[in-house]
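Reviewing the structure listed below.
Letters A, B, C, D, E and F name the chains as they come in the text, with residue numbers starting at 1 for each one.
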Amino acid sequence: MPVVTIAQSPGRSLEQKRELVKKITDAFVTSYGVKPESVTIFLQDYDDSNWGKAGLLHVDAQAGKDG
Amino acid sequence: MPVVTIAQSPGRSLEQKRELVKKITDAFVTSYGVKPESVTIFLQDYDDSNWGKAGLLHVDAQAGKDG
Amino acid sequence: MPVVTIAQSPGRSLEQKRELVKKITDAFVTSYGVKPESVTIFLQDYDDSNWGKAGLLHVDAQAGKDG
Amino acid sequence: MPVVTIAQSPGRSLEQKRELVKKITDAFVTSYGVKPESVTIFLQDYDDSNWGKAGLLHVDAQAGKDG
Amino acid sequence: MPVVTIAQSPGRSLEQKRELVKKITDAFVTSYGVKPESVTIFLQDYDDSNWGKAGLLHVDAQAGKDG
Amino acid sequence: MPVVTIAQSPGRSLEQKRELVKKITDAFVTSYGVKPESVTIFLQDYDDSNWGKAGLLHVDAQAGKDG
């Protein structure tokens, strides 16, 4: 504990994910006073056809904006 | 909020997912009185070898039925 | 399958939840062609001090609006 | 998106949670270049009798340490 | 890793949860060859009015059976 | 119910997953007295660049050990 699960868009670079995991772990260490080793983080990538908002799949919302 | 996460079998068509996301969002709007923009939906696809029921991976349960 | 998990604000009435569960199940039956019995739905309630957006706990965002 | 779900021990103060949510949101803004408004965070509290590690409920692991 | 999250009905005794956590951890050690310390397990309790199946909240399904 | 979600490293063989799903289901039957048919299990595979611990992506932690 704590265990963090993140739902995000795919396509983040290794460098972006590396930096995010470092910063989130630091946030727990600073705010909760836990050891870095106690923080586990999972990243879930959702394709544009596998998530939606406001009743639209993201692939369709994108198409609407571009069209 | 609300945020909806759905565990499902893979292979649903874009049209099926489009319709599902629309209908679930409508359900929140009608039943909870929230705005469509507040509803986010994630679809997780699980291969037949990555989920099970009754002690059997689905890939084996399928084989049993077909066999 | 499918299994649906919903993160929501607390305080929804039994009638609201009853209607939502019915409508979401119907959405799967209509859009995916699955049987109603195959649809399981979980509702998770998050207090205003246990979720946040835009860097603010909801309890603080509310206070800001009201203040 | 992104949506963050955190499994943690209960008993964190409002101030601790406020600081954590702020810092995690900042992490996404800095590392991923997203807007703060796009980041939603959920905190799940697990009592000592509702989580375990190494085969022991935490309530028992604590007792073992103290005993 | 692995991290296990369990959605269950409330009301399980401490003894039942203790036994379950032990057995599930053993399952990972035996089947995956991981160390017990690497296995973390979370138990989520869902009230009868916060989960449903086949379009019915469990509280209503129960009432239907009893009625 | 119960529904079990497992976050794990990829690369487990079908035989390992088959055995795990069987043993975890047995754990519920023995400890909770539920029927095997009521237990559903989902396996989520996380690549080494999609999970981290102690502030490091696993891909980097591995490199550090090997280097």
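For this structure, a couple of remarks:
Definition applied: contacts are C-beta pairs under 8 Å (C-beta built on N, C-alpha and C of every residue); 3 or more make two chains touch, one makes a residue touch a chain.
Every value quoted in this text rests on a predicted model; they were computed, and no experiment measured them.
By residue number, more than half of the contact pairs of B-F reappear in one of the listed pairs A-E, A-D or A-B, namely A-B. One finds 15 Å separating the Cα centroids of chain E and chain F. Look at where the CA atoms of chain B average out and do the same for chain D: the two points lie 26 Å apart. As a whole-number value, the distance joining the C-alpha centres of chain C and chain D reads 20 Å.
Of all residues in chain F, those that touch two or more other chains are 1, 3, 5, 7, 17, 26, 40, 42, 44, 46, 51. The touch graph of these protein chains has some other shape, matching none of line, ring, star or complete.
Across the complex, chain E is touched by residues 1, 3, 40, 42 of chain A.
Residues 7, 44, 46, 49-57, 59-60 of chain C are the ones that touch chain D when the two sit in their complex. Contacts from chain C toward chain E in the complex involve residues 5, 14, 17-18, 21-22, 25-26, 36-37, 39-45. For chain D in complex with chain A, the residues that touch the partner chain are 1-9, 12, 16-17, 19-20, 23-24, 26-28, 30-32, 46, 51.
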